[in-house]
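Below, each structure is written out as structure tokens.
Below, subunit A partners subunit B and then partners subunit C, in two separate complexes.
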Partner chain A sequence: MDQLVVLLGGLGRSVLISAIGILLGVVFGIVLGAVRHARVPLIDRVIGGYVNLFRCTPLLVQVVMLYFALPDVGIKLSPFATSWLALGLWGAAYHTEIFRAGLGAVSPNLAVAARALGMPASRTFLAVTLPLGLRASIPAATTMAITQFRSSSFMIAVGYQELTYVANRMVADTFKDFEVFGVAALAYLAVSNAMAIASRWLERRVAVHGLGVGK
Partner chain B sequence: MSEMPLMKAIVATTFATLIACGSLPVHAAKVDVPLPVEVKSAGFLTVGINCTYPPAGFVGIDGKPSGYEYTLVKRIAEFALGTGDGLRTQCVNDSNRIPFLQSGKIDLILASLAYTPARAEQVDYSQPIWVSNLQLIVPKDSKINEYADLAGKTVVTPTGSTYQTWLQKCYPQANLATVQTAAEGATMLTQRRTDAFAYIDVYGFNFAQQQKNFKVVGTLAASAIQGVGVKKANKPMLDWINAVLEQMRAEDAFFKAFSEQVKDPAFVAKYRPIVPGPSVKLDYSKSGALDCLK
Partner chain C sequence: MSQELIAPVAAHLATGLAVTLWVSLLTTLFATAIGVSVGAASNSAHAGVKLAVRVYIDVFRGVPSLMTLLFVFFALPHAGIRTGPITASVLGLALWGGANIAETARGALQSISSHQTEAARALGMSRVQALLFAVTPQAIRRFLPPYVGQLTVLIQASALTSVVGVTDLLGAARQMIERLAYVGPESHAVAIYCAVLITFFAMCYPLTMLSNYLERKLRA
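== the complex of A and B ==
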């Protein structure tokens, strides 16, 4: 029972850093994705560079760089700060492209119709393109959020006591590889499934009838 | 004239004998116990070794394994296959070395495997091959001098080491953090993310030699007798490795490997009376890896 409590503690910390990382990723993803969708010159290229950097390097390398390399330039992050920041920065790169694609999936005719009715461009974006684009992005964004949660296990590299770290330490003491890692795997599965179910509920809840989502 | 062929034969035979004597190894790598079938049929011996624990086992600047434990591993491979060519090594750490052995990915562990009763339920231990102690590495200006000073302070040690268990048991007031390898622990110490790094005294000595801003403190504690790990119930392998190690003990191979790697005569001399040798045989019953200081 004590061991289960310890594992639950680790799970709680995994959920905590994942929640912060996912929130960061989604918020920045929407903002940066919208900027990319609008094709603002120069800024679009800068965002593209950031997306390229964080999508094309391994998360583990990013984590180790944030934790062990930044002190060389005077920035020392705690394991907790490194964990949610790494998940947030890495996740935001993927969410940027997810939301950019979602916004791009909205039929341009809808924006044209809104403009024809006298809506300014900004209002058209906020009232027409963005809501529909976000709805279209829910499945892909959920997949990425689940990936961020599972990737919280990489934070073992910086000694943050999330679920995998705790399980690893427990196995070193007890030698019960199958039982301990089995419970850890089930915990990851349970939380990931809960996220998927919640996402599906959200999709149905915000579905716009006749626009082909959420059936 | 008829004596010339005879003289030639005598000289040739003499030279051949001298050359043959020169090419014989001082100690032939041979034991009476047969090599285990799985090693013989595979044609190679796989040993789990330390790769981040200088001077015992580490990767040198040339990318090749090095260290006194590696020297012992090479000698064992000579007993197995005649040369070191059939030796394969696998880097392991304190938390994964036993799973590597249990899953059959390695034949032996020679990676500072200290004896504990819990580990002896998971693996079989060869006869003892080394003894090690715990000490603390701290910054030179640290006020930590003994383990009791760790109360409320952060101390780091590798996951799965006996020191993890010892610190949890004997000094629970310390904030214990564990890392995957000794190298990570050292990095955390040099970046001042931890107040102390708890690890083997030999490692600490080597570290303090390289990093002048750090020092080694603390009574020698958690004295651990180390052995070679063998997969549980693999009697042929256990019998074979014990025969090999007995031969190596007679050759004084352990102390020789250590003194060749650690080039500090004063430090090395401390180990002469306590490591296996022709007149020293260790005993696991004397191992106090998990005993708190009195």
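== the complex of A and C ==
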């Protein structure tokens, strides 16, 4: 029973760092994705570099670097701050490409129509392209958010006491590998599935009738 | 970093890189074998097989890769099987990666219209022949681009082995930083971790480009 409470505490901390990391990743992803969608010459290259750097290197190395290398340049982060920051920076790289693709899936005819009606470009983007692009991005962004949640387990490397850290310690102490990892696995599956269900609900909720984005 | 340090540091990192490559290679082989066979089994007419495939894919894709690895690491000795951390890691990562590849293979197979199978069956092919000679050649075009992308994920996942004490590239980097801390007051963490980052980038970026290229090239 006590052990269940300990595992639940770990799950709570996993959810906490994931929630902050996902929020950070999605917000940065929307902003950077929108900038990439607009194809601003030099900035597009810079964001592309950021995306490639974070997507082509292991999250674990990024985590370890934030925690063990940054103090050398005078930035000292707690395990908690490292955890959500790493999840956020890494997630933002993926979310940027997701939202860029979502914005790109909105039929350009809609933007042309809005401009023909006399809307300025900024208003066209905010009132037409962005709302539809965000809707189109929901499934892929959810998949990434769930991946971010699962990857919160990597924070074991900096000693943040999330679910995998807590479960790992418990197994080392009790040798109940099947029971402890089984419960932890169920907890991960339960939260992932809840996120997927919530996302499908949101998708239906905000759907614009007759305006399936894309083709 | 002073000149005389570069050679020994690079040598130690190189031994770590060799382990990373070895783990990545083995994981890729096993995960591909598991993924392709499980993906093919998802096409089975047997309801029990289909359910087993679904459960395997959903469980292992839903659980963090690191936890699969830790579970195998602890469960193998518990079951009386004595292996080193490298074997346990490869097994854990292959079970996890296999589920991801199986899902890709399943999706690719299912994207091919069932009319193709029916036509092949009408021509007298068996179910297996229809799968091998009619469906698979078409499904491979849809499978290959995401599969190559998955290889970068497997290479990146090999860094997780350092958590159970494997001296892979990341593990070697940590060791080196700790050792150098005894040698002098100057820390080398930034330089050494940057080297690790660049090495992983050099391995994964070309594969990502290849995946994108295949995506464009093979789009039917």
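General observations
Operating definition for what follows: the second predicted complex is superposed on the first by the 212 of 215 C-alpha atoms of A that agree within 3 Å, B and C clash if a C-alpha of one lies under 4 Å from a C-alpha of the other, contacts with A are read in each partner's own complex, and residues count from 1 in each chain.
By definition in this document, a contact is a pair of C-beta atoms (placed from the backbone, for glycine too) under 8 Å apart; a residue touches a chain by one contact, two chains touch by 3 or more.
Worth saying up front: this structure is predicted, and the values here are computed from it rather than measured.
Because the two structures share subunit A, they can be overlaid on it, and in that overlay subunit B clashes with subunit C.
Of the two partner chains placed by superposition, only subunit B is touched by A:173; subunit C is not.
Residue contacts after overlaying the shared chain place A:143 against neither subunit B nor subunit C. After overlaying the two complexes on the shared chain, residue contacts for A:56 are found with subunit C alone; subunit B is out of touch. Using the contact criterion defined above for the overlaid structures, shared-chain residue A:69 touches subunit C, although it does not reach subunit B.
In the superposed model, A:159 lies in contact with subunit B only, and not with subunit C.
Contact with neither subunit B nor subunit C is seen for A:199 once the two complexes are overlaid on the shared chain.
More residues of subunit A lie in touch with C than with the remaining chain of the pair subunit B and subunit C. In this superposition on chain A, the options for subunit C are 25-33, 61-69 or 79-87, and subunit B clashes with just 79-87. Across the two superposed structures, the residue set of subunit A contacted by subunit B and also by subunit C is 68, 71, 156-157, 168, 171-172, 175, 177. For subunit C in complex with subunit A, the touching residues are 58-59, 62-67, 70-71, 74-75, 78, 152, 156-157, 159-160, 162-163, 170, 174, 177, 187, 189-190, 193-194, 196-197, 200-201, 204-205, 208.
Looking at the complex, you find that subunit A touches subunit B at residues 68, 71, 76, 156-157, 159, 168-169, 171-173, 175, 177. Every residue of subunit B that touches subunit A in the complex is listed here, in rising order: 94-95, 98-99, 118, 121-122, 156, 159-160, 164-165, 177-180, 187-188, 191-193. Within the complex, the subunit A residues that touch subunit C are 52-53, 55-62, 64-65, 68-69, 71-73, 150-154, 156-157, 164, 167-168, 171-172, 175, 177-178, 181, 184-185, 188-189, 192-193.
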